[in-house]
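Data first, discussion second: the structure below is written as structure tokens.
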Amino acid sequence: MINKIVQTMAETMSGIKDDSVVLLGGFGAVGQPNALIEGLIEQGAKDLTVAANNAGVGHVGLARLMELGRVRKIICSFPRSSDPVVFETLYRAGKIELEIVPQGTLAERMRAAGAGVPAFFTATGVGTKMALGKEHRDIGGRTYILEHALKGDVGLVEAWEADRWGNLTFKQAGRNFNPVVAMASDLTLVQAQHIRALGEIDPDHIVTPGIFVNRVLHVPYGDPAGF
Amino acid sequence: MSATTAAFKPFTRQQMAQRAAADIPEGWYVNLGIGIPTLVADYVPMDREVIFHSENGVLGMGPAPEKDKIEPWLINAGKQYVTLRTGGSYCHHADSFAMIRGGHLDLCVLGAFQVADNGDIANWATSDNDSAPAVGGAMDLATGARRLWVLMEHTAKDGTPKLVTRCTYPLTAPGAVKRIYTNLATIDVTERGFVVLDIAPGLSLADLQARTEAKLHLPG
Amino acid sequence: MINKIVQTMAETMSGIKDDSVVLLGGFGAVGQPNALIEGLIEQGAKDLTVAANNAGVGHVGLARLMELGRVRKIICSFPRSSDPVVFETLYRAGKIELEIVPQGTLAERMRAAGAGVPAFFTATGVGTKMALGKEHRDIGGRTYILEHALKGDVGLVEAWEADRWGNLTFKQAGRNFNPVVAMASDLTLVQAQHIRALGEIDPDHIVTPGIFVNRVLHVPYGDPAGF
Amino acid sequence: MSATTAAFKPFTRQQMAQRAAADIPEGWYVNLGIGIPTLVADYVPMDREVIFHSENGVLGMGPAPEKDKIEPWLINAGKQYVTLRTGGSYCHHADSFAMIRGGHLDLCVLGAFQVADNGDIANWATSDNDSAPAVGGAMDLATGARRLWVLMEHTAKDGTPKLVTRCTYPLTAPGAVKRIYTNLATIDVTERGFVVLDIAPGLSLADLQARTEAKLHLPG
């Protein structure tokens, strides 16, 4: 019997190596896999490259991971937040590398990794400093730049429902980056608010099928709070 | 500035938003940027169906909820609580940006630091040495939407013109802006450059030009 | 009030021009927009390029459109069928152009058109005659070829449910190409089995949002039959 | 052929399918090509959960339905009626092929016209002048799945070897095949070339070699 549901955080996090590329779901506090990020802090992997929309708030979660010196590079679209002190301190001190990526390019690069597309052309960023050093090409009378897939060694995902095959649903705007992180990552780890019996989620309503999921941990934390 | 400007009455932010809202027809799919552009939604009456999109996978966004009706899972790209209109839907980030980048939005309204009379927009970083520049979805929106309108103050706080001949701040997108709503005027960006559609009451064209770096034209 | 629901086939088909690229949803008989294809036959546009998974069966639908000499070119992955006589006769007589595309490349080219990606690299077809004349590139130690977006002037889609904003759901395997056809086409026309009141479809369960849909015609034809 | 071959008993299609099915562990995501490969599913017991994928957006495909329980909307890529297992799901074509092309399938099993000992497979057209070649999803599957196995007759009907040193038919994918199940043997495709894992009862290696164009090796 396939059972992707694991019982402990240690089991969820097992096998994450130093130097991994870690993709994070979530947008603001909504759909953010906070428990898994705490688990990663506990687990100990270092020299990580972390891709997420933001670069952490306050001194918890991703900010804490950075503060502990475990993140070598951040790939994100928006490093500002209500309290970006950890990131900004490290960045000004030259202790963390930053790759700024337009939000849509970030999402599309992850989706590309999941779909077997190693590189694609896009108009976003043409004529701006995002295009510096990138291949340009005119196609059908418009100029585009080439962007590359962003594959995760590990993906951390927050879901609303999950079953033992790893099928997932998301709640409202909690969907955001989570499905693309799941498909882009070699090892996709999920924290789910609700565990459902197999078949309980309607086959037409499954958003991320289990083929993109490796392990599921039940984390019924309730509602997101604070950004 | 000349004495004639003493009596003029700049548009308020609400008036700017109202002015832009009046130009949005029913049925358009519209993304409103963070800040003043968000106000535009307040001036589109609910019975004129305009479908607002938010980058984080919300299509058919409605107004802010009453305090006791907040849905903690329903935020917009500015991370404010919003509502979903009847008929709205959710999608993931790649699908949401496919709507933007695939040219499916009729309109995006953004704030800006500078707009040049060739349509260039700079709205994400004020210098090339910004300590941690944050672009978010601005480049996708400016490049991908069918039309880009800008809602902003006509000049910076120190009086420096924001409507320029060439953006000095890092570009968000070249040649993208179609129309600008400021506290002093509404201006189209055309092949000829800036064309003034209307001016704040009491302000002369000469006075508007004095606050604008690039040459202003009249329609026709 | 937005109302994408139209009452007549003539209204549905209005404005389709000669020389259009027409994308068809459907796989086999399931999810195939048969009524709309009949409508297109009636409407009269010619010199069409039609992209679909197959190239028609018997003498109805797409096969009939070809038989009437209205299709200049077929873009498909699998021109064989239980009865491909029309296509094969035209093809052997040199009266129709054929572009064979691997099925996944066909779907991805449509999705790319909808997502603003004019071209992308893929491993599918490398080392085969599909790669002839195409740009090759080594990325990360593997060889890929460049494929281009396939945009429709018109897309014909079959849906299970639709509302007046054009939000759609699909039934089981009836989903297939329909959502990618919808997002890839400038003018997306939908035949829907069921018309729902706005809000009746759960916002989390809408598969194709109305932003990708222009017109909806109510065609409650029942179950697909025959392939 | 030599006299020693008179007594041998080729594997039936069912035995070939059974042999392949025995090699599929629980938890694998598997796409079975049209034709003989489809039979493989019949020999995976339901309590060994293997998740079958079909190109047309069906994940978790179950066996053919009883006649009176056909779901007219539920077909596989071969356009046969199928069922959906508990836990299965539907998706659209681009998502379905993302599973294939993104390397998410553990295994694909295809039929073939020819397989070369470098792993090349030809299974979609028998000549470069095929009147209307039909590739379907074969190239995506052969290229995208983590492993490609082939299930086919060992020789063509006229006795021509199908396990060759170089495919003469148009390729589906280069260097993709990892294992071949034929009516005469099970063969791995390795760095050394073809390695024979087992042979049909009564058939000698020499006789198998006589029916195979490329050199056969023994394991180790």
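In this document, chain identifiers A, B, C and D correspond to the written order of the chains, with residue numbering beginning at 1 in each.
Heads up, the rule we're going with is that contacts are C-beta pairs under 8 Å (C-beta built on N, C-alpha and C of every residue); 3 or more make two chains touch, one makes a residue touch a chain.
All values reported here derive from a predicted model rather than from experimental measurement.
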Self-check item: Steps needed, at fewest, to go from chain B to chain C via touching chains
Solution: 1
Quiz prompt | Comparison of A-B and A-D (more C-beta pairs in contact) | solution = A-B
Quiz item: Any idea how many Å lie between the Cα centroids of chain A and chain D?
Solution: 36
Quiz prompt | CA centroid of chain A to CA centroid of chain C, Å | solution = 33
Exercise. Give, as an integer number of Å, the spacing between the C-alpha centres of chain D and chain B.
Key: 56
Exercise. Could you grab the centroid distance between chain A and chain B? Build each centroid from C-alpha atoms only and quote it in angstrom.
Key: 29
Self-check item: Residues of chain D touching at least two other chains
Solution: 84, 90-91, 94, 97-98, 100-101, 144
Exercise. For chain C, write out the residues touching at least two other chains, lowest number first.
Key: 108, 111, 115-117, 122-124, 170-172, 203-204
Quiz item: For this entry, which pairs of chains touch?
Solution: A-B, A-C, A-D, B-C, C-D
Exercise. Within their complex, state which residues of chain C touch chain A.
Key: 108, 112, 115-124, 137, 139-140, 142, 144, 148, 169-172, 203-205
Practice problem: Flag every residue of chain D that touches chain A in the complex, lowest number first. | Solution: 26-27, 29, 47, 49, 51, 53, 59-60, 84, 86-91, 94, 97-105, 144
Practice problem: Sort out for me which residues of chain B touch chain A in the complex. | Solution: 54-58, 71-75, 77, 79, 84, 90-94, 96-98, 100-101, 120, 128, 131-140, 143-144, 170-175
Self-check item: chain A residues touching chain B - in the complex, by the definition given at the top
Solution: 27-31, 55, 77-80, 84, 87-88, 91-92, 98, 100-105, 107-108, 110-111, 122-130, 170-180, 207, 223-225, 227
Practice problem: Quick one: which bits of chain A touch chain D in the complex? Just the residue numbers, please. | Solution: 1-2, 111, 113-117, 163-165, 167, 183, 198-199, 203-204, 206, 209-212
